[in-house]
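Chain IDs A, B, C, D, E and F follow the sequence of writing; residue 1 opens each chain.
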Amino acid sequence: MTHIKVINPNTARAMTEAIGLCARAVAAPSTTITAVSPSMGPASIESHYDEALAVPGLLAEIAAGEHAGVDGYVIACFGDPGLPAARELASGPVVGIAEAAMHAATLVGRGFSVVTTLSRTVGRAWDLAHQYGFANACRGVHACDIPVLELDDPASDARRVVTELCAAAAEADGSDSIVLGCAGMAAFCAEVSREVGFPVIDGVAVATKLVEALVSLGLRTSTRGEYAPPRPKEYAGLLREFTVE
Amino acid sequence: MTHIKVINPNTARAMTEAIGLCARAVAAPSTTITAVSPSMGPASIESHYDEALAVPGLLAEIAAGEHAGVDGYVIACFGDPGLPAARELASGPVVGIAEAAMHAATLVGRGFSVVTTLSRTVGRAWDLAHQYGFANACRGVHACDIPVLELDDPASDARRVVTELCAAAAEADGSDSIVLGCAGMAAFCAEVSREVGFPVIDGVAVATKLVEALVSLGLRTSTRGEYAPPRPKEYAGLLREFTVE
Amino acid sequence: MTHIKVINPNTARAMTEAIGLCARAVAAPSTTITAVSPSMGPASIESHYDEALAVPGLLAEIAAGEHAGVDGYVIACFGDPGLPAARELASGPVVGIAEAAMHAATLVGRGFSVVTTLSRTVGRAWDLAHQYGFANACRGVHACDIPVLELDDPASDARRVVTELCAAAAEADGSDSIVLGCAGMAAFCAEVSREVGFPVIDGVAVATKLVEALVSLGLRTSTRGEYAPPRPKEYAGLLREFTVE
Amino acid sequence: MTHIKVINPNTARAMTEAIGLCARAVAAPSTTITAVSPSMGPASIESHYDEALAVPGLLAEIAAGEHAGVDGYVIACFGDPGLPAARELASGPVVGIAEAAMHAATLVGRGFSVVTTLSRTVGRAWDLAHQYGFANACRGVHACDIPVLELDDPASDARRVVTELCAAAAEADGSDSIVLGCAGMAAFCAEVSREVGFPVIDGVAVATKLVEALVSLGLRTSTRGEYAPPRPKEYAGLLREFTVE
Amino acid sequence: MTHIKVINPNTARAMTEAIGLCARAVAAPSTTITAVSPSMGPASIESHYDEALAVPGLLAEIAAGEHAGVDGYVIACFGDPGLPAARELASGPVVGIAEAAMHAATLVGRGFSVVTTLSRTVGRAWDLAHQYGFANACRGVHACDIPVLELDDPASDARRVVTELCAAAAEADGSDSIVLGCAGMAAFCAEVSREVGFPVIDGVAVATKLVEALVSLGLRTSTRGEYAPPRPKEYAGLLREFTVE
Amino acid sequence: MTHIKVINPNTARAMTEAIGLCARAVAAPSTTITAVSPSMGPASIESHYDEALAVPGLLAEIAAGEHAGVDGYVIACFGDPGLPAARELASGPVVGIAEAAMHAATLVGRGFSVVTTLSRTVGRAWDLAHQYGFANACRGVHACDIPVLELDDPASDARRVVTELCAAAAEADGSDSIVLGCAGMAAFCAEVSREVGFPVIDGVAVATKLVEALVSLGLRTSTRGEYAPPRPKEYAGLLREFTVE
């Protein structure tokens, strides 16, 4: 029995539920998925400010998961917020959905394009591509300019807009596949892929399978160096509950 | 039921069997593993010449797999020989063990070192790290200078030599994990990892789980561009059986 | 009159005072320096976990600075924590001490080495060098393995240890200068530099001068794209005070 | 007397003859050119599959050349198939036409564009540019979408199509020269260059001169490491003739 | 009292005066600015040839500055001609306006575009971006195709042309700021910036502040390695006055 | 009949003669070699200052060569001084010995090491490797710390010192060949190569053959962009003879 905790780092419950459904849809029969939102932080993540302030809540969920014996974690926001800090805290593997989707994209094609939400997040997607080694494989990042929390609002017509942008991006960039740049797009990934006729990749699903794979292989985050558990230390004020003993 | 064909591109049957055991040890209950060697080609792969001549036999096995309804393939040689050609031929995903191991290493740590067989293969490992985007994550490639087919010969003392080299390489390079640079080392991966106390990664096991994951996610190689099926074409002479109709 | 707020993102008051002294020592007569620690967060920053949790307090200080009419900010921790988020929040320029020191190093020589505190922070220093474009100029990162809060403890003999490491690092790496990898080393920068006989660079001093320069040039963070102010959004729970209206 | 063997790795005899003419047109009076096609393999090379299966025949020609005392070799296909394996086998220098053309382009200008045949080969051209160190110098790869064997078919109007694409590519990319991406274009290189008024570079001619130069300088492939002769080894089945003794 | 010598490496006196005004406009009250042109060399710098031949005159000015006790130098031509040689010769810091502007651009945004004079200088701007580590941050280089000495000629309408190109370049490249690619544009930097509404950066102003900052920090060019003073050596012919004793 | 002018950019006549001998030793019977030193400039080139001041004399020799109908040029100093300016001036090809040697090294092996004169030139060699695209192929730069003009002084024992350093560098770096980093080492290249048993490459010889090859192929420097002839312009003072009309 493998227990995977999927953490949506924003506080939008409806999105968390949709993410949980996507993860469960691909999980093995022997895997239990718990999908949660933090009790603190931003309603959605659309800036460096939002992302930075989503991390404490995310880390609190990791700490709670460690007490509950969770085997591995998915960080279900395309900026992969708090990923290195989460790796220090968790004993099992932690995978972000941006890295997961980009890894998968390089296994099914040479180049991929990212289709994301707001233009202001384009730089962050490129940063991650550089950090993960996929700056050459990533051939373009395209914004649909629909805010995160309007993706599931029928008025935004997101499904159609994203489908058209996926097709246009692959054509413009000569890409083999599309990486969806927001967990809020996971719900319509399969439909978009069917319609455009080439791989469209949702990081929630891929990350779930990668965590399952790492757990079954007995591979945990190395504690040799950078990702060793944080040193015991006092935390002050509002954040005193994060003190490491 | 998922059918994965694990192809050892050299003709050493004992090695093929050991590779099959490693793949089956991590495969899901619903996965069938077929491990094969080609009927033509080199006894082991230790040079560009060997690698180039291992590819026709490998491609013949892919073609046979397509007739047999195989769902996905593992190329079980650390040079990932013939990987792009195999992707053109197979309808399901194809994963090489070098790429698989390097992907996994970047999910459980920042930097990894490769421990390989002969010194002359060091350049090839670096090439792959560059191609896959892991040139920064790869911090060193170290040869134990034991030929492939002597790895399971007690006289080579390979298990001890490799264990010591893994520990020394991680120390010298400040690496978080070790990637084993030969399918012939898969058999003692778990033991080495236990002994050194940090992740030691065998690509055969990882590639098997990655193919399982891609198949369950419905992700196949994109046929949009470079990996479209080969065009119909006549092949001459000794290789006429490779004609594409 | 220019008002620069120097934020030490950890809660160690003694260190904040020392940092304030260093900034004031180089500031122009017309510059006012305010040096502060946040009211929440870790006592020192020595891991990704510490760094992530130092950011909310830092951002609260930026927000307070905006109300107080501050002209520019220095983030006085070598990991440059929260720098992009701070840039979204502040109307004036924000400079981190790692970027400041690295910029200066490339103006006074070809290659530099970083001398930092704990080994586990070496990866972070390399990350920053890559992000800022100085991966080629940075020729080595060396840890003295003295924790941040022991740097000013006579028992750690930090001054001597750091001096020797600076000399050894420049020699080993063929570097032209040394970048000190912790704000806690600022106090003895001048002395170390005198002793080794080549430039040893403290980011607190450089960042102070860079903020002064940018303010006097009328250069503020661009709001064209990624660094536009955060969108209005509700923040929940412990972090509700960060809500953007 | 220098003997250079120019190997067209596909089995199209007419193309081999045209390639031989181009090589002879630039060779020194003291150079003998032998132009050959392998007895096995694909009629043309337009995919990774084709390229992989062209290599055995190419290597057989190198082996034959070694018995015949050949001084150096040209691999006359723009993918430079089998180049590292050929270097292990040959005692004299081996030069591929893609590398030759790219080297020359960087000696007569800052940036070049590649004009190639089918779109699916664009990725391969970029791969080579990366491997050879010319990723910055290569500013674009453009496909004319004429199959290799139709280049000399008047119906394809290849000469005109390629001329127009060369002019357009240089303009779009701000390039100083064009590298022709197929040995089948060698025949009309001079004419295209005359018409567009800037350097258009055919790798067959350049590679011939580079091999001549290396031979006259006494420079052979180093056998210090990766390119040492293959180790003695048995080859099975269809490929048993490749056994190394 | 800080004495900064701003060297316009071409012989156009009007341009030198305009550059001096720009530098003085941003200099601290305690700074003295001397703006000079060399007594030998080209009237303007628009090619590698011009740039190479501007260097002797520039170095003569540095040598004269050393006798006059100058504290630091600005090289006021966007190609940063002779910068490494000047660093060997000067005891105080030397900053080029291209590097200065690019450094500043990365402190106020993620990506910048360069707006330069003639198309033929585009490659040089990219070269500098690569050398300084800003190849990723530099998202485009755009030529207005107005020769250097016509920038202040009303007939060229340079102010309007440059303003429009700055706006268009930022839009096309998704850049946060513009770097002006010629000292001759310094005079209208403020106006252009006001009009486009985002940071437009003139290297003359930034370099002046950077030299001030380095001088006040006591940071001089390191003499540990590459930038040590030139060895004593005889110079012949026309250049005998450059002999180092 | 091909006329190649080999320009030693320093004023050391003995060295120029030795360089001329090396070029003539490899030139084709139909090639005329003229080896010259400029009438102005430094006695040897060992710093950026020396290099910058060697360029005017070099360019004067190019201009003279153009009047004399020279077909192509070799710049015989390992820093490749003035190469882009020379390309603007010359109608035929211009090749530097550093680029020539590095190009050749990548054709006979995967990695090379450079063996140079003084430590202070190590950075320049790396710069060139980066500019030419060979930063990955260049695995190390090693200084023998013998000044240029003492290389042919028996007291320096240069031949032995260089031989030992070549062997040690290849071993330390795992290189396939050595590139000699000074034209003054050309005279003993063959002997060193024989002694170490792997390719040792002298750029003078290679550049001569490359110019021959480019001339015979009709490949001249492109005038499409950056390397177009310099615009007509007045030059002042000492350098007035460089005026372009």
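The rule we apply is simple: contacts are C-beta pairs under 8 Å (C-beta built on N, C-alpha and C of every residue); 3 or more make two chains touch, one makes a residue touch a chain.
The structure displayed is predicted, hence computed values, not measured ones.
Peer 1: So if I look at the partners of chain A and the partners of chain D, which chains show up in both lists?
Peer 2: B, E
Peer 1: If we define chain centres by averaging CA atoms, which chain lands farthest from chain C? Would you check?
Peer 2: D
Peer 1: Using Cα averages as centroids, what's the distance between chain A and chain F in whole Å?
Peer 2: 53
Peer 1: When the C-alpha atoms of chain A and chain E are each averaged to a single point, how far apart are the two points in Å?
Peer 2: Comparing mean C-alpha positions, chain E is 44 Å from chain A.
Peer 1: At which residue positions does chain E touch at least two other chains?
Peer 2: Those would be 110, 119, 122-123, 130, 136, 174, 225-227.
Peer 1: Would you please name all pairs of chains that touch?
Peer 2: Going through each pair of chains, those in contact are A-B, A-C, A-D, A-E, B-C, B-D, B-F, C-E, C-F, D-E, D-F, E-F.
Peer 1: Residues of chain E touching chain A in their complex?
Peer 2: The touching residues are 110-111, 136, 174.
Peer 1: For the complex, give me every residue of chain A touching chain B.
Peer 2: Those residues of chain A that touch chain B are 26, 28, 93, 95, 99, 103-104, 106-110, 132-137, 170, 174-177, 190, 198-199, 201, 205-206, 209-210, 212-214, 216-227.
Peer 1: Show which residues of chain B lie in contact with chain D when the two form their complex.
Peer 2: Listed in rising order, the residues of chain B that touch chain D are 11, 38-44, 46-53, 55-57, 59, 82, 84-85, 87-89, 119-124, 127, 130-131, 147, 225-228, 230-231, 233-240, 242, 244.
Peer 1: Quick one: in the complex, what on chain A touches chain E?
Peer 2: 119, 122-123, 130
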